[in-house]
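Listed below are the structures to be examined.
Here come two complexes built around chain A, the first alongside chain B, the second alongside chain C.
Showing the complex of A and B:
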């Protein structure tokens, strides 16, 4: 098991290097550099020679690989450079906003689990009955629903019409309600569909027939054998949906003016704040890779076939 | 021909196809149908609720919403279709080469796709648009550069599977050249799956594009575009909720239509459900070796 974890950890290193290098390469094509931005922000057009000297001093004229190496060395110490739009270090801004986005993501995942598991079971157990049709219809609409529109509709009904919840989400529990519901709808819908399909597939397996022929009641077989097996794949879904959550957070945060990293990244594009974008991409990659690693390990722990089969 | 025959007899598919065609025609002939000029401002009719004159109401500068939605469909739908086709062409060519020739090309390409797949696309698109600047063209470019990988992956695994089939082996033994095998035996067998994937992707690309232009990364005013119209609608939601409701509804309906069309096409073209996927970020799975192993086993089984 330990060996497996170490191997998987080593596997993430090339992915992280690749992702950071790709973004570094990409952002190095950006039409403006920190020196130009600095003078632009001060509102003066700098002397060409002075600017060139400053670039030399900052090492902006060094070869790409040298600059990348320096960037990695700094990033490993937690230094992602200065943000031009906030006038303080990128790391500081990330530290302030990242917990908010994580809070949002965790709430959305919690809502997803609470709703999708019972509804998925219900839908499978009452296959082709009224309840199943209703759940399937709703989850189909949920999959196709644009999250930004849903968010706006929720603001319209709950903030403007009923005046129950704030339309701009502050950093508190009440402000989290609408954004996390918005973020969770698409996931809930996909989880329900997946769980239903899994249960139905599992129910047709030979061991279920075997247990039933032994005289064990259907509900007991479902509860003790079918469900745990079907739920296992939900864990895989977790790893899969983390990318969707991180991407979706950008949109949901913008709609609700929730001050997380997603909103920050969207704003950074118009402000041409490249250091901030680079820092954002790195953190998203870290979270993504980390969660997937955790899911893989958890999966191994929970699935006896993998646990006992070994590597 | 076999597939066309099956499709013609499939009621569900034909209904979906007719609806889709009707929808596309509506936007193509927007100029003839739209009651007003989508850009003309009319300060006598600002923020009018839906009426006989303006069926969907007007916006803050008195532009007819229905006309803007019809014209906007041109922009939004055309962009979504163009992006999907671009991704498909690039991905398919790369996937074919990679799958058919294997070797070092294959290894490099697969490592690159691994990297691109292992990441929330929207984050990369944001980074690219940050460098290139906002605008429709750059958005198309960014999305294509990031998302071709899915097509490359699927094509590659299909090619690898088909390559092992007896009829391909026979063609090779009878002395057919590599290009001949590729175009006469492999391409025709890959196409049905690709059609399913492309149709399913138009819907999700439409959604992504609308959300990106909502973030202000896409087309710039006054061009009517669905995502951007929604962001205007958000600003006036208190006084003019119709600016919020109609554009969103149109996007939702459009996505549902393409998803349903994709589903019914899959039933016809892909009975084994190879292209079946739950949600868009199934790509993330490819990061972990567990699933790759599963997939390889599956490929072996099929071969």
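Showing the complex of A and C:
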């Protein structure tokens, strides 16, 4: 297992080189540059000499490979450069926003797990009964609802009409409730539908019939055999969801004025903030490589077929 | 068996829901903006008993942009400080675009036209108690010049020194826009006699409110500075929130989390207008949305076509259709410019449009109603812009009414194409009366060979007037010259000037003395307070 982990970690290196170079290349194709965008966004026209001096200072006039090489050399020393939008080191800006994104992600994922697993089971166990119809209808609505619209609905009812929760998320726990719910609704609905389908597929398998014929109670079969098997494929989905939410949720962050990495990344693209985009890309690559590795390891622990099949 | 499953699951879901809610509730107490506030909109409910006690003197307000920190020397971050009555400059600009003394109470320019003298008001102190005298002002100005490249561009400064209670500036050349440019929040006066390294979080200025806590991108808290030279500020404390999204800002005001907010989107205005719970204020801004016309290439190298296009625009109808308090302008400067009323501006005139088109050779119309020339070719104009807007579509509509075919070309790289002069019409939304003075816009856009003269305009008389602004120091006379320059621009049809951007601010009705300025980097004033 250790060897497997080391090999997988080594795979991270070409992945990081690939995605960062590709990002650098794509950014070089993008029109305008950070200096032009900075003045444009403020609605003022900058002095040509001042702007040229800023470009020179930022090294934007150098060839692509020189810029990339310089960025890699600095990044290896832990220096991801300065964000032109925020005038701060990229690492500092990421460090400031990541805890907020992680908090939002943890809350949204917790809500997803808490609601989707019981409701998915309930929907499968009561297949084609009233409870199933209600859950399926709600999950259908949840999957179909755009998050910006749901966010605004929640603000309208809970902040404006009922005055119970804030519409500005701020940086406290109570402010996380509405954005977390908004972010989790789509995931919860998707998981319910997937779990229901998985359970129904497992329930009809021969081993379940065999266990029931031995006189083992249905609930025990469901809990000990059906559910673990049904949850196995959910783990991959969950891994992808973790990666997704840790990358930020631009729309939810915008609606609730939440300062996470999602909105930061979107703004960085608009502002052509090359260093910040690169920092974000590295973060995303690390998340997905890490999450995929964790999922694969978990699979090996949970699935005896993989464990016994060797590396 | 199924009932057992059901009961277990329901109990589980309920227990976890309660646990989550409980967790959320306990964390909300005591935080700024931690919860929705009551109907007075005074303070968030999350503040609990403390918030109730401070209900009468704590203001929560939202603005649409924060810089990366609060150091006025960095970028445009000083704009946040002037919006929140934290930072002050030597001279400021009032609601009528008049220059008003702030830290300076008197100023003059010598006959040599390069020496400016500002007398520092008695009793001005920094928020740490240090005296703000002429030496302190010199230190602050020098810091602005050192840390921000815009500083020298704005002031063209040769030297600055203290002379008793006076600060004496010497410019490199006569520069009429000097006074106006000195009002730019880049020149917010800060105390440089102390360590300035933490000014990004806690700047020491001279304003009515003193920053106590700054959370980048989110908000900052400030308390009233009891040594403020202008008297007791209207609130004991304030929290300024950064809410870039227009809808979110409006929602926060409706929910009572904010008492006051800057800039309402046109689509949200109906939420507040005519509602006694709110006060809506509007002021014509200093931005104009306009189209650069490329006078160096067909079809706008023909003055008749330029005039025809401008006469086809129904400025007031365009502004009305877009809403949000926009005004049709037909002039390079907005109605807040004192000379606006005396201009013979472009107006909607379909008959005149037809005459100009005929003069340009477009005498017939085709089956679809578009004008064509003798060769049967339509007059097709292309607007280059980065994203389609209702304004562009309105331009297209009114041009079509007069038979001009307008096509909107979307391109991400508008600036490079524009700078290369490879366009017919290009959309712009610019501060034309920046710092309340017209020189910057005229200088940059209309002077022959100027940096932003993308359209290749050239007019000797216009150049002479712009040059005259450099050596004219009387504010009224400057506006008079700008009016003459504007008339030439209109008469030569050097652009299509569509609408001005109105500044709209809203507060709950319990807020008194909210101000709305033409220049949008002013908002909260020391006089703003709650009704008794």
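Here are a few things to note about the model shown:
Just so we're on the same page, the second predicted complex is superposed on the first by the 266 of 311 C-alpha atoms of A that agree within 3 Å, B and C clash if a C-alpha of one lies under 4 Å from a C-alpha of the other, contacts with A are read in each partner's own complex, and residues count from 1 in each chain.
In this section, contacts are C-beta pairs under 8 Å (C-beta built on N, C-alpha and C of every residue); 3 or more make two chains touch, one makes a residue touch a chain.
This is a predicted model, so every value here is computed, not measured.
Once the two complexes are laid over each other on the shared chain, residue contacts for A:255 go to chain B and to chain C alike. Within the superposed three-chain model, A:99 lies out of touch with both chain B and chain C [touch as defined at top]. Of the two partner chains placed by superposition, chain B and chain C are both touched by A:152. With both structures placed on the common chain, the touch criterion links A:78 to neither chain B nor chain C. Looking at the shared chain after the overlay, A:222 reaches chain C, while chain B stays out of its contact range.
In the superposed model, A:126 lies in contact with chain C only, and not with chain B. In the overlay built on the shared chain, the residue A:30 is in contact with chain B and with chain C.
After overlaying the two complexes on the shared chain, residue contacts for A:160 are found with chain B and with chain C alike. Residues 30-31, 152, 155-156, 160, 254-255 of chain A lie in contact with chain B in one complex and with chain C in the other.
Of all residues in chain B, only 111, 114-115, 118-124, 126-131, 133-134, 203, 207, 210-211, 214-217, 227, 230, 233-234, 237-238, 241, 244-245, 247-248, 251-252, 255-256, 259, 278-285, 287-291 touch chain A in the complex they form. Chain A contributes residues 30-32, 36, 38, 40, 42-45, 47-48, 50, 53-54, 83, 85-88, 96-97, 110-111, 114-115, 118-119, 121-122, 125-126, 131, 152, 155-156, 159-160, 163-168, 170-177, 217-219, 222, 254-257, 259 to its touches with chain C in the complex.
On chain A, the positions that touch chain B within their shared complex are 11, 14-15, 18-19, 22-23, 26-27, 29-31, 140-141, 143-149, 152-153, 155-156, 160, 186-187, 190, 193-194, 197, 236-237, 239-244, 246-248, 250-251, 254-255, 265-266, 268-270, 272, 274, 277-278, 280-281, 284-285, 288-289, 292, 295-296, 299, 306.
Residues of chain C that touch chain A in their complex: 1-2, 4-6, 9-10, 12-13, 16-17, 20, 23-28, 31-39, 44-46, 62, 68-69, 74-76, 149-150, 153, 215-219, 241-245, 247-248, 251-252, 254-257, 287, 411-413, 415-416, 429-431, 434, 444-445, 451-452.
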